[in-house]
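Once you scroll down, you'll see the structures, which are given as structure tokens.
Common to both upcoming complexes is subunit A, partnered first by subunit B, then by subunit C.
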Partner chain A sequence: MNTLLGIANLSVSFPLSSGLLDMFSADREWHLRVLEDISLDLGQGETLGLVGESGSGKTTLARAVLGLVPRSAGTITFDGEAIAGRSDRAFRTMRRKAAMMFQDPVASLSPRRKVGALLVEPHIIHGEPLIDRAEAAARLLALVGLPAAFADRYPHELSGGQARRVGVARALALNPKMVLADEPTAGLDVSVQGEILNLMARLKGEFGLSYIVVTHNLALIRHVSDRLAIMYLGRLVEVGATADIFRMPRHPYTRALLEAEPIPDPRRRRASLAIEGEIPSILNRPVGCEFHTRCAVARDRCRGQAPEFTRYAPGCAVRCHYPLE
Partner chain B sequence: MSSAIDPRQLAAGAEPRPNAGPLRRALASPMGAFGLTIVAIIVILALFAGLLAPYDPLKIDVVHKLEGPSAAHWIGTDNLGRDTLSRIFYGARVALGVACVSIGLAMIAGLLLGLVAGYGPRWLDGILVLFFDSMSALPMIMFALAVITVLGPGTGTLILVIALVSIPGYGRLVRAQTLGLKRSDFIVAERSLDAGPARIILVHLLPNVVGPLIILASMDIPVVIMLEAGLSFLGLGVRPPTPSWGSILYDGYNALRSSTTLVIAGGLPLVLATLGFTFLGEALRDGLDPKLQRRGLR
Partner chain C sequence: MTGPLLSVRGLSVNFRTPQGIVRALGNVSIQAGAGEVVGIVGESGCGKSTLAAAVGNLLPGNAEIAAGEIRFRDRDILRLGSDAQRQLRGREIAMVFQDPMTAFSPVLTIGEQLIEFQHQMTDVDKAEKRRRAEAMLARVGISDAGLRLNGYPHEMSGGMRQRTAIAAALLMSPSLLIADEPTTALDVTLEAQIIYLLRTLRRDYNGAIVVVSHHLGVIAELCDRVYVMYAGEVVESAPVDALFHQARHPYTRALLECDPARLDQPAEFLPTIAGEIPDLTVLPDGCSFAPRCALADDRCRIRPELTSLSEDHAARCHRVSP
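Entry: the complex of A and B
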């Protein structure tokens, strides 16, 4: 499979303050390290699920890929071209060929513009020829199963599901190769969730899309993704084929995450590795393995030494000293 | 007892519907209605001064100077025998004209500067905030006097001064809103489509920040009317013989020993205009703030 998107050693950090103190402090201590050393590939036509708790950096990773959050280190390669620099200009080609769907479908549409204007905006921004705006908007609406009359509505006049469809239509306006979907089903009721997922699957077939789906909904990701990447505290802890990970998670965190998913059967017992407490503050990362504070199988080594991200098979890797067998 | 009318229901019925438009809500309050009436009258006077004024406001008639109210001159004449009523009508035109033009300029400049400060690079924001702060640190009247001394008095200078001192208020308001919107989903979504800063500022931020500016402007108008009158009173604003409420007041002040009509005639429109615009502005502000809906409008 050809690689469409390559991320290598990507880190994102924000300065904590820009005051006088910075001049006297060691460089990294005053930075909020949101993403640390992420390396990840996305194949052509592949769907990659990005999973983790709130605050694990999933959304930031998706945004950093499109340069919406500046990266502090690492390289991004898209469609055979490395992105040089962090400026908007460097990401111009990529933003034309890759689109993003946002978590809050209504809030991600500019409130004072009509749907029709929003839909043709990608064409205008990228200087694509557009003969008939109304016709182009109607075509995009039809693509996602909305009547052409929606072009005259304002975003606040849409339901969550309708706004989500508009978001999909907008993402597809320029025939992208990759779509980054941030919680594509958040805030939708179950029947609409299903419709959106079917729509996304159909469009994947029609346009040969690759998806990165950011979610914490495991039931969802199990059915849509080919591969999974599990994140914890801004790091990848496990990457592998979805089926393999669900069958046999190797990182204790992955296992705990999978076991936290409710099982629709009252007789089955809750599992052994359940984690407790909150995700630690990113300001105060645990020393050693970052998961050791909540890990059920942590040993002394985990408290002192950070594990490497180790490959054990092609496309599969885990960051743990003692991966589960 | 089924026919008895609950007084609470009556009271509730008299209240505007909670989902009525903000403008209707604002005007349903007695204060808002009063404000709007006065403002409407002043606007009509200013627009149609030429038709409504019984005399040419500049026509000097020394024989009838400083007369009291009469059938010919309803509220008398000034020290040069000019018809005071006509001068008040034309004064409304000056007061409103200066206020609208200068506040309009300040709004446009404040809007653009505020958007650039809020969305642009940090160093530019720093410079603009420094400018806003320094401008508002200057006492308004002292700054006005200084500029007038340099440029010479006149309507143009007056407008320039008022616009300059008003810019920081609008600029800060726009900047604060822009900073709030900058990280919102729809702006990030636009960036993900590679919309440039100009497009984001003009197409997506601008329409979302103008609303509060209008309220601020309506509350600024009385201040500006007073400032114009004050400077014209001192002879530093509108040049004579153009009628201004401030200069009518000044003429009345000089003639105070022989007649009080002129002072009252110059002062009353000022008081009414200030009250009218202030009431209207406050009613608009309360009406646009959904959180104040239930509490009623004072």
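Entry: the complex of A and C
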């Protein structure tokens, strides 16, 4: 499989100011390390699930790939070309070929513009010529199974599922190669979320798309992704084929996540808690393995020494001193 | 006491909106007995939160109770005066909501708020109330409970705040606890912890717990009995095992099939329910699920009644019989 997107040693950190005193202590520079040393590939035609709890950095990673948050280190290669620099200009070509579907589709659309205008906006932003705007909008609406009359509606007149469809249509406006979908089904009813994912699956085949799907919903991502990347406190802790990870998670955190998911079967109620405690603050990262404070199998070494991200097979890696067998 | 602790009978609630009258609940009857955990499950717009709000006397101003009664300890609480209703809500009925961020005032310490929640206990002094608050925080698994009382809500994480909201609800030892989507805003690891907490609490809690959720997994993990709601009506009620293993209503079955967590093998395409929930301002005459139901036929043009299938299993469908 050809690599479409390559992320190498990507880090994102934000400067922290704690107030006036900072101005007088120039030697003390505080940084919030949101993403640490992420290396990850996305193959052509592949769907990668980016999974983790809130605060794990999964959304920031998707945004950093498109340059929506500036990276502080690392390289991004897309479609054979390295992105030079961190400016909007450097990302311009890439953003034409890689589209983002934002988490809240209604909030991410201007409330004062009609769906038709919103759908051709990507063309205008990127200076792509359009002969007939109404026809282009109708074509995009048809792609996602909405009638052309929806072009005259405002975002607030759409149901949750319809708004997602408009979000998908807008992402496809410029014929992208890659779509980054941030929680594409969050807030949707269970009978509707399947529709959106089935639509995305159909379009993937039709247009040869590659997807990065950011989600905390493991039950769903299992059915739609080829590979998974599990994040914890801004780092990757496990990467591998979805089927393998569900069959045999290597990282204790991955296993805990899988076991925490409630099972819709009263005959399989869980007797014990898979994971205790909460994700620590990134202002106060644990020393050693950052998961050791919640890990059921942590040993002395985990409290002192940070594990490396170790490959154990092509495309599979785990950050743990004592991976599960 | 005779009869169940809570018994809602034939409750209908309408909302006045600019688009017209919305029938949010139509002839809803549910029961919850002492020591029982009852689940109410359904998708958005099915009326589950309206039902919870009606029992907690928290309906918005544009809501109107068109028919029915809400009996608590054999008294119709809709007929009580507002003082008596407020008394009941503070002491006997407590609620936990979805959003742990807005459950507390941001400008008062946790301790001040937990003490204030006990204002109906006039025979207990403030130091004792503080002690009770501390004990309750410890009981819901918050470490350093004494220190936490001096802190503010923003100093707590989402999971801790939801634990604190549960502690606040239990402070007055209510006999009915209503939890409206108690884990929806939480990560899966914290969700598991809250489910676990509610389960441990019920062991030494003799009241009834009503859990409202759209999440079938949460319902399966927690509840003894379940009501499935669709378009403002109860369409099926059953013990939890029967609901998940012998569902009879086509909507319940379709809902269960849609849950990706129930598919053992990875599926390329996920099951869905075609169509959309009906517009509650213009309800269809017949079965409200018929327009989306694969099994619908001529009979479904007439509104089905709730049919008893066994002592504790009922479904609102023409196709079911005992």
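Throughout what follows, the second predicted complex is superposed on the first by the 309 of 325 C-alpha atoms of A that agree within 3 Å, B and C clash if a C-alpha of one lies under 4 Å from a C-alpha of the other, contacts with A are read in each partner's own complex, and residues count from 1 in each chain.
Everything that follows uses one rule, which is that a contact is a pair of C-beta atoms (placed from the backbone, for glycine too) under 8 Å apart; a residue touches a chain by one contact, two chains touch by 3 or more.
The structure presented is a predicted model; accordingly, all values stated were derived computationally and were not measured.
Comparing subunit C and subunit B on the residues of subunit A they touch gives the larger count to C. Applying the stated contact rule after C-alpha superposition, one finds that A:99 touches subunit B and leaves subunit C untouched.
By the document's definition of touching, neither partner reaches A:301: not subunit B, not subunit C.
Of the two partner chains placed around the shared chain by superposition, subunit C is the only one that A:223 touches, whereas subunit B remains out of contact. After overlaying the two complexes on the shared chain, residue contacts for A:156 are found with neither subunit B nor subunit C.
Looking at the shared chain after the overlay, A:262 reaches subunit C, while subunit B stays out of its contact range.
After overlaying the two complexes on the shared chain, residue contacts for A:242 are found with subunit C alone; subunit B is out of touch. When both complexes are overlaid on chain A, the residue A:53 reaches subunit C alone and has no touch with subunit B. On subunit A, the surface touched by subunit B in one complex and the surface touched by subunit C in the other have no residue in common. Residues of subunit B touching subunit A in their complex: 184-186, 188-196, 199, 203-204, 207-208. Across the interface of their complex, subunit A is touched by residues 43-44, 157-160, 187-193, 195-196, 214-221, 223, 240-241, 244-245, 254-256, 258-263, 266-273, 276 of subunit C.
Contact residues on subunit A toward subunit B in their complex (touch as defined above): 63, 66, 68, 88, 91-92, 95-96, 99-100, 102-104, 107-113, 121-122, 125-126, 170.
Across the complex, subunit C is touched by residues 53-54, 159-161, 189-195, 197-198, 201, 216, 218-220, 222-223, 242-243, 256-257, 260-267, 269-270, 273-276, 278-279 of subunit A.
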